[in-house]
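For reference, chains read A, B, C and D in written order, and residue numbers begin at 1 within each chain.
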């Protein structure tokens, strides 16, 4: 490469950087009266970028649909995205930018509970509602003092609910006495569920015979599985996301473990079947918001629309993102205003809202009350096992 | 647990460890080769491995190729990519401080990760089953045919590489460049070309690893190269970086350590143990297990 | 009074005996040369004396104490300073800083005084600078005190290295081929300077040199090393006429 | 000398003035929340960059585990306020002490290694620290430690930054600092000149780690939560980038690079999908353009800048 060329590239880069700086420092964006700006503080890069992407896809689909129908209050709804690099401090940074620079009226996101917790205080301080589609930790909506955080909402189950559902399912439906827990040590979602499951399972008279951990993005699970096999559990609880779940189930079966395996809504993705293979997944169960067998038109139309838009079947995060967007749209409509305080009040009163995953009502703690279903994977097909009401 | 079942478990963990370790070794081979020649920690190596896996993925799914053609295509593609990276990002810095090149390597690594994320989305893809996978049972122990294949391939490549480095003209040139770049140039060796080929070979190896791992775990994503890349580097250092059999030894050792720690101590401390053992070994053998400790002449 | 005494000093590298049975005895104030053909073990002997290598056998006594097992910096602090065959300056630092660093272990102020710049910091730094410049003056380098060491011409780099070694205020100065790469005129000046600094600083000097004119001209006593062993010792005149020495240098006569 | 003492006071005065101006702009809301946050981040990054520069740039020890020490400072600091209800200043000092002690304990054995081996060892140590934190339920493990009060503000960060910069600048310009630099320049010659190289390597490492701890404690008390995800080896790489981009052995360089990179990151927040791609290209471009870093190992000598940022050209004291 010639020197000249090199310095040319460097010059271009330097100019580009200055330009970026100039744009970035350009101060608060102007508010356009024909649109409603919603912030999206998401994991676009970094460790859980795939979850962030799914959730954003779901949200954007919902916004697109509503805009195609003329928007709300006569305005288009626009999602302004900011990346939090899958990291709490960046989540705080991103939400600050969204609120103070972009002047959004509500913020959707982030995915991980820890990132939501870092962002939520800033939302509260600025009196901007924050609606997370996916953060399951109880503390997200309720403070340490036990008070409900005014401006913070969520669209997903909380850890205690799903953990209890699966603990009960293991004890009562599978009638097992011993369980092993295989947890993603880097994920608060996973750890939160594991903790609740353990408590409830023991309360139901069960016994935890093994606790093993992996780290997100691991690909080899055989060592821990071999160890688990030796303790001979009746069931293995794997509160994790589909990519790792697929690999774990596959490798467990390869090691000759025919134990039933159970999990939570993170399992919901066709990838699980693709990775593990249909046969390996027999005798596995997980809790979810809805069952695809459920021929509810809301479910099928969502799945179809999503497939059409992105060329893939939605996973649980996409569905929850879509639901969160629907909740917000509904709240703005009911508030008949795009003022943050009014949106907040309307969100709190969300009731019997039809979303893709069912009928949703927010309780006093800003957590959705909706029934869960337990799904069995049979030859790669999701089949309805039982329904559990909260 | 009685002693026989303990032994069984121990043996199974060894199998798990060796199979995991052969994957580290496969990636470490390319790492160590590049380092051996130009003393650069090529942090983008793990990402070239990822790109290789994606080339293999698209070759099998879109082009409908079989395993071997896809593997070759991935190796060629990654080889070209490797040469390009070296040409564009590393060669202009040949005489710059090493640490500057390291930062560039980190830049390249980020570029590959997030560039691919833009191109292929961050969602994982599933590799089609282009190779059969049959569990083999040996008296209660279980091993997968693909694991045997991966181990075989890495051993094979290790032997081939050792041969190339020690007995071929290119290998001799590589060692000459590694020993003293300026003298090598004076001896009529086209240093740029040698380094370029080194990157091509190293990257092709990474791609081979990527495709094999893609088939074995059948799930790939744009960030899949980060941890294996780091661990492979650790493995290479453990074995003695720059030494080809060292990469193999280091890789297998890392795998076995991880398996034994998860199997008998605690899986939560698996990675910490791997790094810890690396540090302890370095303190006693500062150049790694098979590395020669070259003392500065005073 | 004996300043340095080694007895049966030796070191093995793998199977190679680089230095063996080395017995040196140097009195205070002496100026001694250490010569020998290439690979005779001269620099290795220096490295043994300064703690860079640990001997596999034998003893080193300096100023009445054993210094075997000490680290190089401890040896220096006891009073042995050296220069290197291949110049080892702090090449990106200024000439002045090079000398100041050698002064380092005489500085008394602590970390706290450093950071808040109180107490002994300013007075000592002032004195340090003053002394460093004094040393540079001796070597005629004070005019170049702010230049970067690696930009100096070769001869000046050699001088700077000696100045730096002197700044460590040693009792014994080890010079490893101080005249290497110098022209006869420079060598001559160096010779004068070596004599002068010995007198001025009341030093004992041991030097390795290939340049016979320098060794013969300046040293009072010479040790000749071959294959790691002392093969002769004596005054320059004695050495010149020693058949063993001639053989070592010119090779064995064909029989 | 008198002149130099006077110049120190002068730059200190300039710092106070700068502080007053920015604080005023914040009070009257000319600098909004977002930029306050980024100024705080800049301060924290300066502390991290300058302290890592002491290890990498001045002492020449290739360390890439700085995020680990930052993590220790953050967690120790947060435990002080959240669990033990101690005042903020105690948290900062405890964070510094915790990271410093760990730096000492780790540095003593590992600094025998050199070059790339030291690099990989420190990288490994950083990861070990993070994994260990993941496994301590007392500090929240994977959920992070929550409920940390926001005690850090511009004032704290500003003065901590000024203190760090002055501390390290004064250290470097002392006999101790020169001993550290001599280790970088030529370890064998340094030993031969009576410099206890191990001691100075460990000293630089300990001081660097302690300041990373300060930065960690400030960081923890600004973002309400500390989480292991904030301290991965990517964070260490970011910090290394600050040091190398600014110039190894240039304090003002690290300061400039910290400001530049934080601004770039903030500016790129508006392009979430392209952000890392642009960032990585910039990194490559800047390195090709200036492999020795923005300032090499020189300090900026423009007086106004020097006073403004509290840095100073290396005085030939």
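Simple rule for what comes next: contacts are C-beta pairs under 8 Å (C-beta built on N, C-alpha and C of every residue); 3 or more make two chains touch, one makes a residue touch a chain.
This one's a predicted model, so the numbers in the text were calculated from it and none came from an experiment.
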Between chain A and chain C, the fewest steps along chains that touch one another: 2
Between the pairs A-D and A-B, the one where more C-beta pairs touch: A-D
Nearest-to-centre chain - CA centroid comparison: D
Most distant chain from chain D, judged by the mean position of its C-alpha atoms: C
Centre distance in Å when chain A and chain D are each reduced to the mean of their C-alpha atoms: 34
Centroid distance [mean C-alpha coordinates] between chain D and chain B, Å: 32
Approximate Å spacing (C-alpha centroids) for the pair chain B, chain C: 48
Junction residues of chain B, two or more chains touched: 92, 114, 117, 268, 271, 298
Per-residue multi-chain contacts in chain D, two or more chains: 134-135, 188, 273, 275-276, 281-282, 288
Touching two or more other chains - residues of chain C: 52, 84
Chain D residues within the chain A interface of the complex: 32-34, 37-38, 41, 134-135, 141-144, 146-147, 150, 219, 222-230, 232, 234, 263-264, 266-270, 272-273, 275-276, 278, 281-282, 285-286, 288-289
Contacting residues of chain A [partner chain D, same complex]: 6-7, 9-10, 13-14, 16-17, 20-21, 23-25, 28, 42, 44-47, 81-83, 86-89, 92-94, 96-97, 99-101, 112-114, 117-118, 121, 126, 137, 139, 144, 184-188, 190-192
List of chain D residues in touch with chain B within their complex: 56, 62, 109-110, 112-114, 116-117, 119-121, 123-125, 127-128, 131-132, 134-135, 188, 233, 237, 240-241, 244-245, 248, 273-277, 279-284, 287-288, 291-293
Residues on chain C engaged by chain D in the complex (per definition of touch): 50, 52, 71-74, 76-77, 81-82, 84, 88-94, 96-97, 100-105, 107, 109, 111, 114-117, 121-122, 124-126, 128-129, 146, 164-165, 168
Residues of chain B defined as touching chain D within the complex: 35, 39, 41, 89, 92-93, 96-97, 99-104, 106-111, 113-115, 117-118, 230, 233-234, 237, 241, 268-269, 271-272, 275-276, 278-279, 282-283, 286-287, 296, 298
